[in-house]
Each structure stands twice: as structure tokens, then as C-alpha cells.
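What follows is a group of structures, each given as C-alpha cells.
You will see chain A twice below: alongside chain B first, and alongside chain C after that.
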Partner chain A sequence: MGTGVVIGIIFAFAAYYALRPNADTTNFYNQQNKALLAAMFAWSIGFLIGIGAFIGPFRWLIGKDLTAEEQLYLAGDGQGIKRYFKYCTDHKVVGIQYLVGVMAMLAVGGTMAMMIRTSLAVPGGHFIGATIYNSLVGLHGITMIVAMIIVATGPFGNYIMPIMIGARDMAFPRLNALSWWVLFTAIPVLCSAWFLGGIPTGWTAYAPLSVQAGPGMNAFIATIIIFAISTAVAGMNITATVVTMRAKGMKWNRVPIFVIGSTMSVALAIPAFPTFMLAMVQTATDRVYNTGFYDANVGGSGWLYAHLFWIMGHPEVYVILLPGIAILMEIAPVFVRKPLFSYNAAVMGFAGIAGLSVLVWAHHMYISGWTPTLNGPFMVTTEMISVPTGLLFLVMLGTIWRGKPWMKLPMLGLFAVIWNLLIGGITGIYLSDVPADNYLHGSMYVTAHFHYTLMGAALTGAVSGLAYWFPKMTGRMLNEKAGYTAFWFTQIGFQILFLGMFIAGAEGQPRRVVSFASMYKYYNMISTGGAYLVGTGFIILLWAVIHSWRKGDIAPQNPWGAKTLEWTVPYPVPLENFDETPVITSDPYGYGRGN
Partner chain B sequence: MTTQNPNPSSNPSSNPSSAHEDQQLAPTPGQRVTTLLKRTDVKRTLIFGIFWTAVFVVLGLYAYPKWMPEVMSTDMKAMERIIVGFTVISAPIAGLVLGIATQALTNRHKGNTPPPDGPAIRTNGPVVIVWSIVSGIFCLIAVVWGLVELNTFANAATIDERTALHVEVTGSQWVWSFKYPDLGVQSDKLMLPLDRPVFFDVTSVDVNHSFWPLQLGIKVDANRLQTTHINTTPDKLGRIDVKCAELCGLYHAYMETTGEVMTTADFDNWVTTNGGHIA
Partner chain C sequence: MSSDTTAESKFHIHHDAPAVVGRRERLGVRLVIVADGAFVAGMIFSYFYLRGLNANGAWIPKGGHTMAASSGWIVTIPLIVAAMVHKIGTKSRSAVTSGIVLLAMLVGAYLQWHQLAHMPFIAKDDGGRHFFEGGYASSWVLLGGANLFHFIIGTFIALGLFIRGFRAKVDPTLEYWRQLTASSWFTWIAISGVLCAITTSIL
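Take a look at the complex of A and B:
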């Protein structure tokens, strides 16, 4: 990793030096954008070369493929803790790397959120001023979006999923490590935005503001392009693994629901994220070469950007939501000792959402004026998503019906999500209605809605997953008292924070504003109070994770009495997971009397 | 275990336990309902469900209208009706979902060992079908209502244009300006006459903005070198707040202005005072 950093920095400086604008440069800003973008990509490529990401293909290219010992070395065999800082192909190592990476991103994004809410405690925006505030809003947004995309499929899709399907590793272990380290290179790139003057746009980076923006925008653009590569690789890897490497006897109707939900999520991501990448590439060329894709002066259009963005942006929120819900569906049967209610309805729910989600994107553009006649059809497709979403509720509720829920940490999230997704879903229906959206679009109501779904539902599901799989990933139990405390602080704080925000939005407060009219001050102050409770809760959770990881109670092999395959292996999980890959004869939901 | 056991029925009243089955008639639907209602979990779900339904009904009927601004046009009225209506319609759904969840919480297992096994219910065909159909119906209601409202807007657009007032709205970083081309007036405040249809032609000179006169219940983006259109008819006197609803750079938060819906006489007065001529 050290080599990677050094080589990456060398490449970055070399690229910038080669392309930097000087006194004679015409089009100074175009050239500066070019130099900065080149430096950022050079950093990424240089780091990957330095860390040895390309050893495998390179050796294959020169006809000296890696030997078995070398592959074992690459898999981290016998290297102890150092393998977490290296290019390691063991999916369990990659899972832990993603876990720590996601936690770091949530911490950074969360700190930004606390700064935003602190500023919004009172009207006037004097705490940090408009430039920093606007940058905070945009960078908080993109940090959290990236974190949320990988929060469940990163740690658990990598660590747990292959064991769960009875495989020894993923289909493409080297690409697995690549997907993590590519993402890693994006993190300093994103952070560099702060040193380059921030960004004036939200995370949606609408043109023409994004083309007009200062040097910090290049960091955003480069982050997305790099991240899109990481996601494409990871998504393809997960899909290939689940399709081809299930253990003998694991027919599709015996696959754990977490695997189904995650696979559908990444399969949705594969067509979606390239359009975001494309949108950003065009923003970059507009900034560097004046290509004018989004410039109405030369025949381009900002609406082109909006379409490209939202064709990604809507599927993307379901990419985020599906794994979180799938985790809860995996957890519920274990803690009520009943089968998952209607596995088929769950699959249909996930499939329906994934399928419909590619048909709804222009509901983000109802008031853009691009083609009002098409608002109607998009309204219809958007409202139809409520039906498969309802099936997901049916499955969760049907599973807990007539059961006695064992309220250990993983189970708390299920009840929180039932509440949060209900509110998020219903308010989503209001927003999907065009006349209602005429008022609500661009207000804090929208912000509250998507925080309820992405944070209240998806993040809560992922944290439940952490509590559930903590024993298998760390060998220890997550501290229950601390976990409960964190749960109450975050969830109660969350309600105060965002219910207050719904009201401010209904009253007419626009979103992304550093200052607001005094009529909104009451609910903003309340929201900020809620935010501090949430922040406290997450700090407690962080403490709990770190403390339990180091000193928590040693966990038995199967503390929850669950029936999925990951609980049949000991901790530390052997390098290749199983001595003999299992043969499956039933689905993992055989709980309950009479089963 | 390679085969699944047939599902035990989830409705106990349809399983006669006596050995003299041939002498017992199958329970009537009325009897099934009564037996169902005797179950603790069903009773609790009903009570909690009614509570949560009431919460959402109060939210829709009382809270939302209180929070939202003055209703000063038919569009705003339609919009408020939708929000109130959708909240009340969704109330029984919320009631059912939260009722089941609350009930499950009251039945939670305490202790450090796993709870006893629950009934091995893998699915319930009729429940899945009924749930899907009912949610489809709710979806249909929302869709039809929305399409009807959209159609109303579209019709309004064709009928009123000849007598309408035209206002050209220009967004620029970071101010709104309003031009009344037929009247020869320009203003940074949005003054409108009561009960006269107004057509807004909206554009931007730089980046994307979004024209949002709160109390009129309409909104449309302002794009560079494009003109977007929106129309409404203000039907109540009073103050209008105009805000920008699309992040447009540094001072987006301050890109707001006010206006007023005034009587035709007052409006004509305003026009002539500001150098214009009455059409």
C-alpha cells in the first residue's frame, strides 16, 4: 500500500506538471481542468500499479502465469494483519476492507452533515457562509451516495455472500481486490475537492452550473468516473459468482434471499452507472474542450445531462435500497424462528422494483419543462413501483406475524425499517404525483423523503446486517448495551431530524439553502436537535464496533441458531471457506414447528 | 430434508380437531371471522391498527393544511387536496402495517436464548393475492387521480390563453425579474391581478433556476436559451413568495422575492404608476 501511495503521488505530480497551465496558456481554465483531471487519474493508475493490481494480467501477458504458491500469496495466506493493507484476493479480506472503508466514508459524510445542520440551526447562514455550505451539501451528498451504494454489498456481499452460496471465493478474486482498491483511490480524489475550492452544485452536479464551476468540480468528476469502474467490476463479479458458483443442489429457489436481493441490486447497477460515468465524461469534455454537450449556446442542452444523470440516478436508489431490505429478510426468520413468508413474493418484489426502476427516471424532471406531455406516463410507471414495494412489506410482516421476535440487535432494525420505509414510501407517492410535485419539488420535503428511504431504511438494514454478521466477520459479539443505546439515539434522533424537515418542506423551504426565511426557524432548530442525537448515536455505534472488535465477548460459531451456510464455518474462516463444499438439499428457512 | 411439509393452515377455525369430523359442518364465514377476532394477535393488531390509522387521518386532515402556505390558486388547491387525500387514503395501509408491527413488538421474546419455534408458515396464497390486488387498487386510485388533475391543467392551458396575462420570468444569478410584455412594465416583484389567468414564460440567462411562486402551487425550471411555460389563475388576494427551487450557485438561498395578488383596479394602478399602459 505504501508503494502504491508513493507511485500514485509521483504519477499525479508528473501528470499535473506536464499539463499545467502557464503564463502563455490561452484558455487557462480549460487547461487547468485538464491538468487536474489528468493528475487525478494518474494518481489512481499509479497507485494501482504500485500496489500490484496488474501483476496477474501482466504475468499472463508475458507468458509466465502466476503459480499456485504465488496465488496463495496473493490471497494473503499466512500474512496476518498485513494482508488488509495489500492487494489481497481473499474475498473475506476484501469484505473487511470495504467495511472499514464504508465506515470511514460514513464518518466523513456524517461530519459534513453535522456541519450542515449546525449551520441550519438558525437562519442567516453565518456559521460557515454560503461557499462552504454549498460545497458541504454537494460533497455530503456524493460521499453518502457512494457509501450507501456499497454499504451492504461491499462488506457483506464480499465477505458473507460467497460462503452463503457454498463457494470457496468469488468468480474473479483478482477483480474483487481491484474493485476495492479502485474505490480506495477515489477517496483522496473526492477529498481533494475541499482543497480546490469545493463544488457549487449538489451531488446531482447539474449542467451548466457544473461546467461553469471552479477547479473543485474536477475532483467530483474524477471520483465518479473512478467509482463507476469500481462498481462495474464489483457488480459483474458478484453476478458471475452467484450465477455460476452456487454449491451443488443450491437451485435458485434455495438461494438465501440476501443473495437474491443483492444480486438484483448489482445487476441493476451494471447498466445504470455507466450513464453517470458518461454524463461526467461529457461534463469534463465540456470543461476542457468546450464540446458544448450541455451548452444551449451551441446547440447542447442541460436536459441532456439531466436525462443521463437520472437514468442512473433512479435505478441507483434501488441499488441502495434492495440489499438493506434483503438483509432484514435474511435476519427476520432467524429471530422469530419461522420461515421467510412467501419467498416467491420477495423475489417478485425485488424483481418488480428492479425492472420498473429503469422506466421512471424522468419523475425527477417533472418541473424541468423538458416535455410536459410525458410527465403523465412517468407518473404511471413511478406509482406502479408501489406494488412490488408493497410485496416486500408483505414478506417482512408475514414473517413476524404469529412469531415471537427475539429482540437482539439485528432484529431492532426490522421494526425501525418498517416505520421508516412506510413513511419514505408514502411520501414518495406524493412526490410521484405530478401536481403535488409541482409544489414539493426542490423543497426540504424531498430531502426528508430520500433520507427516510436511503438512511432510515437502507442504512438501518445494513447496520442490522453488521450486528448480525459481526460474530462471523470478527469472531466477537457486538456489545449489546452499546448497540441498543446507539439504536435509540440514532432512530429517535432520526425521526426528530427528518419529521421536522418534512414540515419545513411542506411550509415551503427550498432545499440546499444556506439561509432560510424566519418562518422556518422553528422546525430547523428542531431538526438540528435531532441531528445531534443521530450524531451521538453513530459515535456510540462506532465506539461499540471498535471496542467489540478488539475486546468483545468471543462469539460461538452460530450464536443466532441460523441455518444459512456461513454459520457452518468456524471463525477465523479458513482461507478457502470449506474443507468440502456442501451439497444443498433445502432452502435455509426450515424453521418452525412442523418443518 | 428434500420435500416441504404441506403448510399447516394459518386459520385454526378451518381445522376441526375433533375425531367426529363427518358430524361437524365447516364453519361459516361469520364464524371464521368471530374465531379470528378472538385471537389475541388479531385483536391487538386491530386496536393498534385503528390507532395508527387515526394518526394518519389527523395528519392529513389537520396537520398538512396547517403547515402549507395560503391557497391562492386552483392549482394550489388541487395540490393540497392531493396531499390531504393521499394521506387519508394511505391511512388504513399505514394502520395495517404499523398495527402488525406494533403487535409483534408486544409479543416479543425476552431472554438470551432463542424463542420457541413459531408456526412453519411458508406462504399463504390468498393473502398474497388479496394484498397484491388491494395494493394495485390503491395504486390505480393514485394514478387515475393524478392523470385527471394533469388533464385539468392541460385543458386550462388551451382555454384561457386569449384572455390571459403574460409574464416573462427571467432567472439570473441570483435575482428574479418579471416583464409584462403586453403592458410595458418590468418589475422585480410579481404583481398579479385577481381571477385573471396568467401565463408564465420562464427562462434563464445563465444556469438552471426554478421559478416557484409558493402560494400559486406551480413550479417550472428556468433554463438558458429555452423558454418553459406554466400557467395558473390566482383566485385569492394576498402576498406571494417567489423562491428559487434549483441550486444555482453561491447565493441560491437568497434568490427570492415577493409579490402580491391584488384587485384588478389596484393592479391597473400599479401598472400605470410603473410606466406601463393598461392593455
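Take a look at the complex of A and C:
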């Protein structure tokens, strides 16, 4: 990793030096943008060369394929803790790398959220000032979106999922490692925005604001392009693994529901994210080469950006949400000791949401004036998503119905998510409705709505997943007392924070604005109080994770008595997961049926 | 989940049967093609969206320049040749067919580069600042850039297959599957080239 950092930095400086603007440069800003973008991509490529990510393709090119011994070395065989800091193809190492990376991103994004809420505690916005506030809103948004996209499929999709389906590895181990390290290179690129004047556009980076923004915008553009590559690689790998590497006897109706939900999520991401990448490539060419994609003076249009962004942007919500819900569906039968209620309904729900999600993007553009006649059809497709979402509720409620839940930490999340997703979903119906959206668009109501779905449902689901699989991933039990405390702090704080925001938004407080009228001051004060409770809860959770990882109680092989395959292997999980390949003879939810 | 275990002895890392690995790799490449297809579809959408909108009459402004409709087709010919030759030569795995594919990729890359280097629609404003004349010019250059990117990836694959054609130490079954996998890619970039050529033919 150290070599990668050094070579990456050398590449970045070389690229910047070669393209830097000077006093004679005619188009100073274009040249500056070009040099910065080149430096950022050069850093990424240099780093990847330095850690050996391209050894496989190079050896293929020259006709000297990697030997079994070399592949074992790349998998980190016998390399102890060092393998977590290198290009390692073991999917369990990649899962842990994702887990630590996601926690770091959430911590940074959460800290920015606390600064935003602190600034909004009282009218006037004097705490950090308008410029920093604007940058914080954009950076918080994009950091959290990136973290949330990988929060479940990164750690659990890599560590747990291959074992769950009885595979010895991922389909493409080198690409698996590459997806993480490509993403890793985006982190310093995004952080560099702080030193380049920030991102003043919010995470949506609407054109032409993003075309006109200062040099910090280059960091945003490069981050998204790098991230889109990482997502495509990861999505392709997970999908190919599930399709081609399931254990003998694991027919599609015997595949654990977490695997189904995660695969639908990443399969949805494969075609969705390239459009966001394209939007960023066009922004970059507008900034560097003065193309006119988004400039109406030369035949462009800001609507084009909005289309490309939201064609990715709305499916992306479900890319985040589906794995979180699927985790809870995986957990519910284990802790209620009942079979999953209507497996087929769950699959139909996931498929219905994934299918419809690509047909709803323009509900984000109702008031842009794009095509008012199409508002009606987009309203209908958006509201139709309630139907498959209802199926997911049915499955969760049906599974716990008349059961006697074993109220351990992972199970608490299920109840929280049923509540949060209900509020997030119902408030979303108002936003899908054209007349109501005319009033609510761009208000704090929208902010509260999507936090209920993304944070209240998807993040809570992922945290439940962490509590559930922590023993398998670390060999230790997560501290329950600290976990319960964190849960109640975050969930109570969450309701205070965002219910207050709903009221402020419904009364007209705009989002992304540093200062607000005094009529909203009590709502904001209450929301900020709630935010501090949430922040406290997450600090406790972070402490619990770190402390339990180091000194927690040693976990038995199957502490929850679950029936899926990951609980049949010991900790530490062997390099190839199974000594002998399993053959599946029934579905994974046979609780109470004697199998 | 009830499970049993097989009596198979221990595997060693990444040592599945060559045909199994081959099918898996082909699926992976096809999924990459889905992602790349979404990107190409987005560019074509952009082209027709800006053309239909014609903001300020600046899709092709008065006195503005365009590329000949044949320009897109000229660079598509090497793509089609490469895809067809590769398909025909898949079973033989001969270095000759890989060499022809490699040559087609290099010729195509040169032609595309030449077109991009001699675009007629870059203008200068009063301050000496270069800019693209209109929506057509912007969309054309991006489609050309995507084609060039496809040629570069195609060149890498063709070079690899060419070099490997000389080496004896390759598993014939796996290598055959890799030819099939490469065929998916060459077919896709030819289709993409045709789609881009059709698009840029409609001014």
C-alpha cells in the first residue's frame, strides 16, 4: 500500500506539472481544471499500479498466466494482518476492508452532518458561514451516498455472501480486490475538495452550477467517475458469483433472501451508474474543453444533466435500500424461529421495485418545466412502487406475526425499520403527487423523507446486519449492552431530528439554505437536539464495535442457531471457506419444520 | 438449510474446470457490456435530446460546421472487420486471425484519432477562448471519444490474444472460452460503432 501511495503521488504531481497553467495560458480556468483532473486520475492509476492491481492483466497480456502459488500469495495466504493493507484477493479480507472503509466514511459524513445541524440550531447561520455550509452540504451528501451504496453489499456482500451460497471464492477475485482499491483511491480525491474551495453545488451537482463552480468541483467529478468504475466492477462480480457459483442443489428458490436482495441491488446498479458517470464526463468536458452539453448558449441544456443524473439517482435509492431490507428478512426467521413468510412475495417485491425504479426518474423534475404533460405518467409509475414495497412489508410482518421474537440486538432493527420505512414511504407518496410536490419540492420535508428511507431503513438494516454477522466476521460477540444503548439513542434521536424537520419543511423551510426565518427556529432547535442524540448513539456504537472487536466475548460458531451456510464454517474462516463443498437439500428457512 | 457434503477432495485456489471458468468469464464480460451499453445509450440519448431541443437554434448554429455522415461509418468498418474475423477464427485460435484483429483495431484507432484531431467545429471567441460550436459538435466529439476508448480496449485484448497465440502453455479449453468471451466484446463494440454511426448520420 505504501508503494501505491508513493507512486500515486508521483503520478499526480507529474500529471499536474505537465499540464499546469502558467501566465501565458489563454484559458487559465480550463487549463487549471484539466491539470487537476489529470492529477486526480493519475493518482488513482499510479496507486493501482503501485499496489499491483494490474499484474493479472499484464501477465495475461504477455501470455504468462499467474501460477497457483502466485494466486495463493495474492490471496494473502499466511500473511496475517498485512493482507488487510495490500491488494488481497481473499473475499473475506475485501469484506473487512469495505467494513472499515464504510465506517470511516460514515464517521466523516456524520461529523459533517453534526456541523450542519449545529449551524441550523439557531437562525442566522453564524456558526460556520455560508460558503463552508454550502460545501458541507455537498460533501456530506456525496460522502453519505457513496458510503450507503456500499454499506451492505460491500462488507456483507463480499465477506458473507459467497459463503452463504456455498462458494469457495468470488467469481473474479482480482476484480473484487480492484473494486475496493479503486474506491479507496476516490477517498483522498474527494477529501481534496476541501483544499480546492469545496463543492458549492450540493450532491446533485446540477449544471450549469457545476460547470461554473471552482476547482473543488473537479474532485467531485473525479470521485464520481472513479466510484462508478468501482461499482460496475463490484456489481458485475457479485452478480456473476451468485449466478454461476452456487453450491450444488441451491436452486433459485433455495437462495437466501439476503443474496437475492443484494444481487437485485447490484444488478440494478450496473446499468444505472454509467449514466451518472456520463453526466460527470460531460460536465468535465464542458469545464475543460468548452463543449456545450449544459450551456444553452451553445445548444446545451441543464435538463439534459437532470435527466442523466436522475436516471441513475432514483434507482440508486433502491440500490441502497434493497440490501438493508433483505438483511432484515434474513434476520427475522432466525429470531422468530419461523419460516420466512412468502419467499416468492419477497422476490417479487424486490424485482418489482428494481423494475419500476428505472421508470420514475422524472418525478424529481416536475417543477423544472421539462414536459408538464409527462408529469402524470411519471406520477403513476412512482406511485406504483408502493405495490412491491407493500409486498416487502407483508413479508416482514407476516414473518413476525404471532411469533415470539428473540429480542437480541439484530432483531431490534427490524421493528425500527418497519416504523421508519412506513413513514419514509408514506411521506414519499406526497412527493410523487404533482400538486403536493409543487409545494414541497426543495423543502426540508424532502430532506426528512429521504433520510427516513435511506438512514432510517437502509442504514438501520445494515447496522442490524453488522450486529448479526459480527460474530462470523470477527470471531467475537458485539457488546449487547452498548449496542442496545446505541440503538435507543439513535432511534429516539432520529425521530426527534426528522419529525421536526418534516414540520419545518411542510411549513416552507427550504433545504440547503444556511439561514432561515425565525418562524422555524423551534423546529430547528428540536431537530438539532435530536441530531446530538443520534450522534451520541453512533459514537457509542463505534465504541462498541472497536471494543468488541478487540476484547469482546469469543463467539461460538453459530450463536443464533441460524440455518444458512455461513454458520457452518468456523472462525477464522478457511481461505477457501469449505473443506468439502456443501450440497443443498432444502431451503434455508426451515425453522419449526424439523429440517 | 439442510446441507450435505460432497465426497470431492479439497480444491485448490481458482482451480475450477476450464469450461466452468470460461462460462463465468463470459458472463462477467457480458455484464460489463451492459454497463458500457448504458453509457453508450446515454450518449445517444444526449445527442437526440439536444438535437430535439435545439436550444437557441444552436444545435448546428448558422455557419456551423459538421462532419460528413460517412465519418462515423469509416471508423466502424475496422470494428466490423475485427468482429467478423475474430468470430471466424475463434475455433482455430490462430495468431493470424488475432493479428488481423489487432491490425484492424490499430487502423480504427488511428482513423478515429485522426478525425478527432481534425474536427472542423472548434471556434474561438473574442477573448481567444476555444469552444465547440454547438450541441452537435459537443455530442459528436464524445461519441468519437467513446469509439476511441473501445478501440484502445480492443487493441489490448487483440494484442493479448495475438501474443498468447504463440505460446503453447495455455489450456486449450480455457483459451477457447476466452476467445468466445473476447468475441462478445468485439461484437459489442462493432454494434456500438454502428449505433454511433447511425446517430451521427442524422444531423
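To be clear about the criterion, the second predicted complex is superposed on the first by the 592 of 595 C-alpha atoms of A that agree within 3 Å, B and C clash if a C-alpha of one lies under 4 Å from a C-alpha of the other, contacts with A are read in each partner's own complex, and residues count from 1 in each chain.
The definition used in the following text is that contacts are C-beta pairs under 8 Å (C-beta built on N, C-alpha and C of every residue); 3 or more make two chains touch, one makes a residue touch a chain.
Note that the coordinates shown come from a computational prediction; the quantities given were computed from them, not determined experimentally.
A.B. asks: When the two structures are overlaid on chain A, which partner does A:A232 contact: first (chain B), second (chain C), both, or neither?
C.D. replies: second
A.B. asks: With the two structures laid over each other on chain A, which partner does A:P405 touch: chain B (first), chain C (second), both, or neither?
C.D. replies: first
A.B. asks: Applying the document's definition of touch, where does A:A296 land relative to chain B and chain C: first, second, both, or neither?
C.D. replies: The answer is both, since A:A296 touches chain B and chain C.
A.B. asks: After lining up the shared chain so the two structures overlap, which partner does A:Q212 touch, if you call chain B first and chain C second: first, second, both or neither?
C.D. replies: The first partner, chain B, only.
A.B. asks: Please indicate which partner A:G590 is in contact with in the superposed arrangement: first for chain B, second for chain C, both, or neither.
C.D. replies: both
A.B. asks: What is the shared patch of chain A, the residues that chain B and chain C both contact?
C.D. replies: 296-297, 301, 303, 585-586, 589-590, 595
A.B. asks: In the complex of these two chains, what residues of chain C are touching chain A?
C.D. replies: Interface residues on the chain C side: 1-8, 10-15, 20, 23-25, 27-28, 31-32, 34-39, 42-43, 45-46, 49-50, 53-56, 58-61, 127-139, 141-142, 156, 159-160, 163-164, 166-167, 169-170.
A.B. asks: Would you mind writing out the residues of chain A in touch with chain B in their complex?
C.D. replies: 125, 130-131, 134, 137, 200-202, 206, 208-209, 212, 296-297, 301-303, 335-345, 367-369, 375-376, 379-380, 383-384, 386-387, 390-391, 393-394, 397-398, 400-407, 415, 418-419, 422, 426, 429-430, 432-436, 438-439, 441-443, 503, 506-508, 510-517, 560-561, 585-586, 589-595
A.B. asks: How about chain B: which of its residues touch chain A in the complex?
C.D. replies: Against chain A, chain B makes touches at 1-2, 4-5, 8, 10, 41, 64, 67-69, 75-76, 78-79, 82-83, 86-87, 90, 93-94, 97-98, 100-101, 104-105, 107-110, 114-124, 127-128, 131-132, 135-136, 138-139, 142-143, 145-147, 149-150, 153, 202, 206-208, 210, 212, 214, 217-221, 223-226, 228-230, 241, 243-254, 256.
A.B. asks: Under the touch definition given earlier, write down the residues of chain A that touch chain C in their complex.
C.D. replies: 26-27, 30, 57, 60-63, 65, 68, 71-72, 75, 166, 168-169, 171-173, 175, 232, 235-237, 239-240, 243-245, 247-249, 254, 256, 270-275, 277-279, 281-282, 285-286, 289-293, 296-301, 303-304, 307-308, 311, 563-565, 568, 575-576, 578-590, 595
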